[in-house]
Each structure stands twice: as C-alpha cells, then as structure tokens.
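Each of the two complexes below includes chain A, the first together with chain B, the second together with chain C.
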Partner chain A sequence: MGQWFVAPILAPLSRRLVELLVLLFCVTTLLFFLVRLAGDPAVIMAGEGASQQDVAAIRQFYGFDQPLILQYVHYLARLARLDFGQSISNGLPALRMVIERLPATLLLAIAAIAMTAAIAVPLGAWLGARAERPARRGAATLVFIAQGIPGYVVGLLLIQLFAVELGWLPSIGDETRVSWILPTLTLAAFLVPKLTRVVATSVSESMNEDYVRTAAALGLSDAAILWRHVLPNAVLAATALLGTQFAYLFSGALTTEVIFAWPGLGRLLVNSVQVLDFPVVQASVFVVGALVFAVNALTDIALRLIDPRLRRSAA
Partner chain B sequence: MTLLSARNLTVEINAVPIVDGIDLDLASGEALGIVGESGSGKTMTALALIGLTPPAATIRADTLTIAGNDVLALDPRQRRALGGSVMSMVFQDPMTGLNPVRSIGSLLIEAIRRHQTIDAARARQLGLQALADVGIPDPVARFSAYPHELSGGMRQRVMIALALVNRPALIIADEPTTALDATIQAQILELMRARMRDAALILITHDLGVAAELCGRIAVMYHGRIVEEAPVADLLARPAHPYTCGLLTAVPRFDPARPRLMPIPGAPLPASERLPGCAFAPRCPRARDICRAQVPALAEIASGRKVACHFPEAVA
Partner chain C sequence: MTTARGVLPFRLRLPLRAPWQLMAGGIIVAILVALALFSFFAPPADATRGSLLLRFRAPGTPGLLLGSDQLGRSLGSRALSGLPWSIGIASVATGIALLLGTTLGVLGAFYGGRVRAAVGLAVDTVIAFPALVLAVTVIAVIGRGFWPIAITLGLSTWPIAARVARAAALGILARDYVTAAKLLGVGPIAILLTHVLPALLPVLLVMAAFIFADMLILESALSFLGLGPPLSTPSWGNMLADSRQFLTQAPWMMLVPAGCIVVAVVGLNLLGDGLAARTQARMTGMP
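After this line comes the complex of A and B, so read on.
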C-alpha cells in the first residue's frame, strides 16, 4: 500500500528540486538586471529637490556605486541565504513583507479555482457530451468569446454593477466575507472559459472512445457514461491544465488585487515596482516563481495519484 | 424458440444503405457467423442489432424482434436497457475497449448492478465468479487491477466476462480475436465455445476459419446484402455463390493438393455505389448480361441453403 503512494512522489520530486534551483537562479538573475534598467532608485529615494551629495550618499550606502557585476555577486551571495535586504520604502525585511501578503493571495486563488471547477466541469461536460447540437455549438462560441475578455474588464463591470449601481457588495478590501465575492468572480471569469473549453474538448473526444461504446453496449445510461466513464478521463486533462494555468492565474490576480484593493502579493508587487522598491520586487518575484513551480509539481504528483496508468508505471 | 427475427433490416447513413434489406433468424442457443470483407455491412448489422449505430444512421425494418422485444418500437432508454441484459456485445479491440481509469472490478460491479438489484457485496461475488468463469487466474487480484496492467488476451477475457455477467440470451461478437496473437486467438475461441453454450451467438468476422470453429450456420455478406446462407459444413464443402467460392480459395491452407492461393480479382464496390444488377458481377468469373441487369434475390436452393445468384454452383 505504502509503496505505490511514496515512490511516484519521491522520484520526480528530487528531479524537480534541481529544476527549481535552476529556475530560481535564472529568474533572479534576469530580474536583477531588469530592475537596474528601470531607473535609479537612489534618485527616487532621495526625493525631489535632494542635492547631488544626498543622492551620492544614498548610492554609496546601498552599494549602487559599485560595478554592476560586483553588485550582482553580492546579490547572489545574499540570495543564497534568502536575504533580499530591506524594503527601500519602509525598511522592513523584504521577504517578510512578501510572506505576510501571501495568504490573502493564495486564499483568493484557491477560492477562484474552486469556483472555476464548480462551473467549468459541469458546463464543459454538457458542451462536450453532444458537441454537434446547435444550442451547444452556440454556447461554445459564447465561451470562446468570453475567453477573449480581459480580467480587469470583468472586474470593473462587476464593480460598476454590484458595488456602484446596486450597492449590494463591497468593492474593496477583504475585511468581510461578502467582500470576497467580486474578486473571486473576477478571477474565476478569467479561468472558467479556458477550463470549460478544455473539459468540453476532452469530453467530446472521450465520447468517441471504444470504452464508451463498451459501456453503452452494457446498457449504461448516457448520464452514467458521462459521469462515470467520460468525466474521470476528462478531469485528468483538466487537472493538468489547472496546474499550468496557475501562472496565468497569478497574472490575473495582479490586476484583480489592484482593482479590488486586495491586500495580497499582487498589489504589493505592483506598488513596489511603481516606487522601484526593488528588494521587495525581487523577493516577490522569487516567491511567485517558487510558488508557480510548487503548484506545477503538486499537479504532477496529484496526476500520478489520480491516474492509475501513471501511478504504477512510475513505481 | 426464435430469439431473433429481422425482416428487411436496412441501415442507411446519409441515404446510402450500408445494410441493404437483410433477413436474419436465430434460435436460442444457435451460433450464426456473419462473414464478409471490410465494408460489407457486417459490423453495421451488429451495431444495429444492439442499437449502437452512429447518430447519422437510420435503421428500418419490417420486423426486428429480439427475445420478444419489438426493438424498433422501444424508446431509446428502453432500447439501451436491453444491452448487457438481453443481449451484449464483445468488440474487436480489448486494448481500447476498457476504460483506462476504471478498475476491472468497478466495471463488473457497475454492469451487474445496472441490471440486477443486488447489494455491492453480492455484485462483487458475481463479478469474481465471472472473472473465474472466463479463465482469469487469481480473480481477487485482477478485480482491483486496471486495464493497462493486463495483457491483450486477459483484457479480451474481461470483455467477455462483462458481456456474459448478466447472462444475456444473445451475444454479438465483432471480430473478437482479430486483435490478438494467434495463440491467444485459439484460447479465446475455446473460451467462447465453452462459455456460450447457453446463449445464442452472432459472430462477425472476416475469417471463415474462425466462423467455422464456433458457428453452426454462416451468412456471407457482400455490399450490404446476404449473398449466401448455409450450415457451416455445407458451405465449406460446396459453396454455392461465386463470392463464397472466392473466399474459400483465398484462405491460406497447408494443402498440397491445392496448388496456390486464388485471390478474388478486383475490389469490392464502395457502399455509395449502386449497380442495377448483382454487386459482385464486376468481379465474378461467371457474370452474364442478366447479372448486370437484375439483382438476384436470396432464394432457397436446398434444405437450409439460400443463395442470391443467377447462376449458383450445383449443391445437390
């Protein structure tokens, strides 16, 4: 019992760990040079009307006057100890600021994914089961169009309708339970069309499989075939997609958090970029990179546990 | 006891008759082989009987009764419910015919409880028995196995177990051994012969040898029609239709008396093409003017023997 559970997880995990280190190295290196192209943080930190001497002093204090390559080596050395330095805006440790913001973002993402699955799986199953019928073809076209609507447009429309016109729901913050509704909807609106289309395609392909014909020949009803034979296969494909979509979900979370003043990582990142608070930017991107990677790895493991073909062949 | 009776059974796809007005009769416990080349309409006949023709197909018949059910009068739900209980089907490819994410046991229990109101524990017993009956060693271990963990031959045994588990009166087997290795084929044929004594069998195959192993009677199909029907021994010994003669000489055999394999010249007519006369006439060595002008009717030429040919071989 224990072996099929552990072996398929441990083997890919060690390989993944190496991939993670390479990924984080590349991301942080890229970021280091990108941030330094964006502007001179010393000028911003010194504020308007500061003298040349003040700016020079700040540069020296933060080591911005040293050769770039030397700064980079220092940066890497501190990175190895997970030391991202202090926020330039408020002097707090950058990594701690990021980690404090993480739960709000993660919970929002989880709520959005749960809502997405609850809508997209039944909808996709319905669309895919008889994809050739006119009504479903029409609905599939609507889903396709919906996929092209940017997330912030949905967010702004929802605010206009439910917060401004009707006044039913708050549009900012996360203090009350109802204030979760609009941001979750906005994020889900971003994911539902994608997942619906994947489930629909997968269901419609599975409907032509030989095992569906076997089930029908055994007298099973269409509903039983759809739910017990086709969907388990389709959901495997959908799970794989959900994992890879997490990175996109995060980019959606960025705009959503800004629109709804959500106290999460996305808003922190946007604010930090605006004031060139690059210790915080670097820490944020580092954590997001690690997070996206972790979710992909977890999806991989989940698939190995759900799919009987992967479960034992990996052992 | 007549189990199956079909009169003028026709299956059309986009107004093209794939099965063109055939008659079938089957008594309880009888085994009928339907033999023909790809595209002859034999598989579509099987799918029409079990009600699994593609959505674009329309089925018509003067009568179609299976185990007392007027099949064409049933609504789709009732029609579907006959599958697995009154009749069931074994398909050609056991590698793709079993759901990859469902365990063997869950498939069996689902099939059993679809047609029998019994609890899960009893269904499990029946399922284990069904696996044992088709010669699967260690049924308890196989019960929780997934299809990919079994060999092709084992999977086909599972397919047969699924088809037999509710004791149907009619089993339709469509090329049940074609996808298997030769040694496994023999085992599966042996198993089918042993296990299907109680049920009637319709065996769809392109292989006259396989049909001869299992069936008492053989119907030869060509271009959507039955061109010859006869008891298996008579058909093999004295075929009446030139097409059947061609099929027999095209079967490879270790027989020094027979000099060489004789392929039938030409290719079968596409289903979408209709001729005013016999569809086999373009390939027939004996075709004359009337063959090209008039479709021969399936007529009795001797006791139990029917042939649709203007100039059949003498069989008496």
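After this line comes the complex of A and C, so read on.
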C-alpha cells in the first residue's frame, strides 16, 4: 500500500474540485446577475402588495442601493463564508433549512439506486447473456420503449394503480415504512431502463471476448462464466453510469418529491423558486452542486478501487 | 434515390428496407408535426372553453373522444393545442443545444491544448449539474414564456451534444482524407466546413432526435412543476399537474397527457435509434 496505491486513487479528485469551484462560481454569478436583470430585487423579494417602506427597508438591508460591483464583491465574500442569509418566507437561516432537508433526499436517492441496481443488473445480465434469442430481443425492445416514459409519469401511474385503484399504499409523505415504496420505485424508474441497457451491452460484449471462450473451453459452466468473468465488467459499467447519471437522478428527485409531498431538498427548491425565496434557492443550488461533486468523486474512487486498470493508467 | 444521394453525404433510402424503428418513429413524428401545425393554424375552440354540463366525461363520450376535464373542456382538444407549444420549445432548445454543442465540440476536437481543455472543463462542469435544477431556477427568475424556457433548456443541455460531436469529430479528423487535405495546405476553416461537418451530419441527425425527446420531457416536467406556459395555455405538463386533484374521479385526465408524452418520446427515440442503425452513426458519449 502506501503512496503508489493511494495517489492514483485520489488523482481525479483535484480535477473534480476545480469543476466544483468553476460550477459554484458560475451558478452563483449567474443568479446574482439574473436577479438584477429581472427587475428590482428589493421589489421582487418584498413580494406583491408590499409597501414603499418595506421595499426601501429590504433595499437597504441587502445593500441593493450600493454600486453593482460592490454588491457583487460583498455577495461573493458572504458566499465564501457560506453565509446565504435568511429565508424570506420564514426568517430561518437558509443553509440550515437546506441541510435539514438533505437527509430525506439522500435516503430516497440511495434507496432508489439500490432498487435500480437490484432490478437492472439481473435483467441486463439476462438480456445480454443470449442477446440473439427472440424472447430477449423482444424484452430489449420493451426496455427501450420504457426508456421513453418520463419518471414522473411513472410516479403518477403508480399512484393511480396502487394508491387510488387498489388502495394498498399511501401516496404522500414519509411517515411510515410503506410510504417509501412508491417514491423509491418512481425515482428508480428514471434510471432502470438506462442501466439495464448498459449492463446488457456490457454482458453481450463480454460474451464474445477471448477469455470467455477460453473459460468455456476449459469446461466452466455458463453460470460460473457469468458470475466470475462477465458480471464484474458489467458492474464496472453500471457504477460508472450511476456516477455520470446522478445529476439526472437529482432532476428526477425534483418531480418525484413534488408528486409524493416528500420533505426533501427537491421540493424545498421548487417551493422556494415559486415564491422567489432567493436565499434558500441559492443555498439549495450550492448544496446540490456540492452533492453532485461528492457523488462523482466517490464514484471515481470506487471505480479505481474495483478496477486495477484505471489505477495504472492514472499513475 | 439519386437526388437524395446528391444532397446528403450519406445514403438515405427511406422506405422498404429501412429498420422498423425508423419507419415507426418516422411515422409517429410525422403525425405529431402535422398535428402541431394543424393545431397552430387552426386552434381547436373547445380547448379553453368547456361546458360545465359536460364535466368529467369518460373517454368515448360522443363528441369527447378522449373525455373531458373538471371544467368540461375536451381533453383531446387540449392535448392537441398543447402540441405547438411543446414541439416549438423542443425545436428551438434542440437547435440551440446542437449549434452550441457542435461548434464547441468540433473546436475542442480540432484545436488541442487550451481550447480542448477549456471545452472539456465547461462540458464536464455543466453536465454534472442537474439540468432541471438550473432550468427551474433561471426560469423562476427571468419569467416564464416561450423564449426564456426554450433558451434555458438549450443552454442547459448543450454539453451532451458537445461531448458526442467532439468524439465523432476526433474520429473524422483522424481519417486519411483529412490528413491529405491538411498536407495540401487547406485551411482549418475549410477543412471543418467541407470535410468534418458533412461527415458529422449523420451523428447530428441521430443526436437531434434523442435531444428533442429529452427536451420534450424537460419541458413537460417544467410545466408540471408550474413553470411552463401560462395556465391559460394548455400544455401536457399543465394538464398532468391539473389531473392530480382528480385522480379518483377522472383518471383519464392523467392518462391522456401521459400517453401523449410517452408516444412522442418513444417515437423520437425510435427515430433516433433507426437513424443510427441506418447511417451507422457511432454515438460515443451519448448517455
């Protein structure tokens, strides 16, 4: 172990960190100028029907009466200290509100990723192992069509079936354990078709490799070949996909949380955006960026831990 | 046949021996575009005006093929009049994503060094951020409406196009005829325009279909979250959002727009898949 093992594994992190900083800088700068382009931020923040005094007070409190460049410098300085100010709706510190909502979203995402893997890896392995058989070709077409169904439509269909028609499962909230089922399935629906296709492709490609032919010639059973030689490659491809698709999954969390009234970060962001609660929106965007960074960094590390080839090429 | 071969740098012989995905996808997309044009020039009147005597009618009621909603408005007409909005936004957004993505991707492939590094950083950075979060935030600030939504969606998805275009362009630039052109002293702009771009066209076509499908989904998700067109304009996402209160009374209010979205997206995906098989475009980097 030692330097030669740790360094290649951590090598991609510096690049990810640069990306995170560029991303946060661009997004916060974009927000800063968009808010000011869209009109008088004091008027927007005060909301409809606010009195002249209220607007003036907000303008002074947030420093909107100062020169733009000075406002921008102050803004960046405050962000660097992770000071996002208070929510306009309820006066609570914005960052704390966001952090409090984070666990619900994270747990839902982890549950959905686990569910995705549990469905997509066996299905993909089955589809890819004998891809030329008609039944599996038909199933692959179904998976392809399923990819065209937006995840939130799946959510509405699930509610219609299991909550309205059958009355088996609750459709909102996260109070009981069963109320996790539908949101988890919905969020999983965003990635299951993609992951299934990736696993199937990887498996069917591996099946044509020399080492699989050699293993078969040596008398290994089909199951042994699949488990020992083919699936490890598919798991690599699946892990890589989950890393790159986490941002997509988070987009899905936005609609999923709204549909199921899930007390997570996605619904907080949508609600804050609708009432133009900028401190909370900014804190949310900041945390989402950091979250995506963390997930991508963890995937990078996981891939390098599983796959020795990546360690060698990075060194 | 010969005319198609003259204009396009690849052979696009459509009927007969085309893959079934291309046929099915092409037919679905053609019907959608025709309906969108029809509905744009002759908007159905009962999309926004309904009769309270005809509330919550199930599909199949005479005169209401797809049923009616809580205000007695025809769901079929509403789905139809939402079409120009969705197709229009998706077209503009796809155009922006392709134009920006292809330009930057090809430049990144052609010029090495700092240009490639800068494009790579920009692509990786934007692609890592959830597109819907960006769109929701920006649209809430600058306001809803056709152009804000279309431009925002285009600007949040160009990295996908850039990544694919860059990978394809790298392959094309390594071909012998490009090297020959370089050796003959052809300038960079001429090489890009006469050799790289035409060879890139099949990839761009395939990518356009897939990105268009993504844009339809994103647009309907935005509408669903209340950030789409004004509520007076029926859009598929608005209709889905409306339907949530009436799931027990009128499930068809959800099923009609949901079905429209699924058919459109599947049609586009089929078209993209069929085109890819037909033109043998390699889609390296497409998620």
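Everything that follows uses one rule, which is that the second predicted complex is superposed on the first by the 270 of 315 C-alpha atoms of A that agree within 3 Å, B and C clash if a C-alpha of one lies under 4 Å from a C-alpha of the other, contacts with A are read in each partner's own complex, and residues count from 1 in each chain.
Everything that follows uses one rule, which is that a contact is a pair of C-beta atoms (placed from the backbone, for glycine too) under 8 Å apart; a residue touches a chain by one contact, two chains touch by 3 or more.
Here the structure is a predicted model, which is why all the values come from computation and not from measurement.
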item: Combined model on chain A where chain B meets chain C, clash or fit; value: fit
item: If touched residues of chain A are counted for chain B and for chain C, the larger one; value: C
item: Partner chain in contact with A:Ala111 - chain B first, chain C second, else both or neither; value: neither
item: Contacts of A:Leu169 with chain B and chain C, given as first, second, both or neither; value: neither
item: First (chain B), second (chain C), both or neither touched by A:Ala56; value: neither
item: Which superposed partner A:Thr244 touches (first chain B, second chain C, both, neither); value: second
item: Which superposed partner A:Ile181 touches (first chain B, second chain C, both, neither); value: neither
item: Vertex chain A; arms to chain B and chain C (CA centroids, nearest 10 degrees); value: 80
item: Shortest CA-CA distance between chain B and chain C [superposed frame, angstrom]; value: 22
item: Doubly contacted residues of chain A, that is, touched by chain B and again by chain C; value: none
item: Residues on chain C engaged by chain A in the complex (per definition of touch); value: 121, 124-134, 136-138, 140-143, 213, 217-218, 220-221, 224-227, 240, 243-244, 247-248, 251, 254-255, 258, 261-262, 265-266, 268-270, 273, 287
item: List of chain B residues in touch with chain A within their complex; value: 50, 52, 55, 77, 80-85, 88-89, 91, 93, 96-103, 110-111, 114-115, 146, 148-149, 159, 162-163
item: Residue ranges of chain A in contact with chain B within the complex; value: 132, 209-211, 213-222, 224, 228-229, 232-233, 236, 306-309, 312-313
item: Touch list for chain A against partner chain C, complex; value: 18-19, 22-23, 26-27, 30-31, 34-35, 37-38, 144-145, 147-150, 152-153, 156-157, 159-160, 164, 194, 241, 244-245, 247-248, 250-251, 254-255, 258-259, 269-270, 273-274, 276, 281, 284-285, 288-289, 292-293, 296
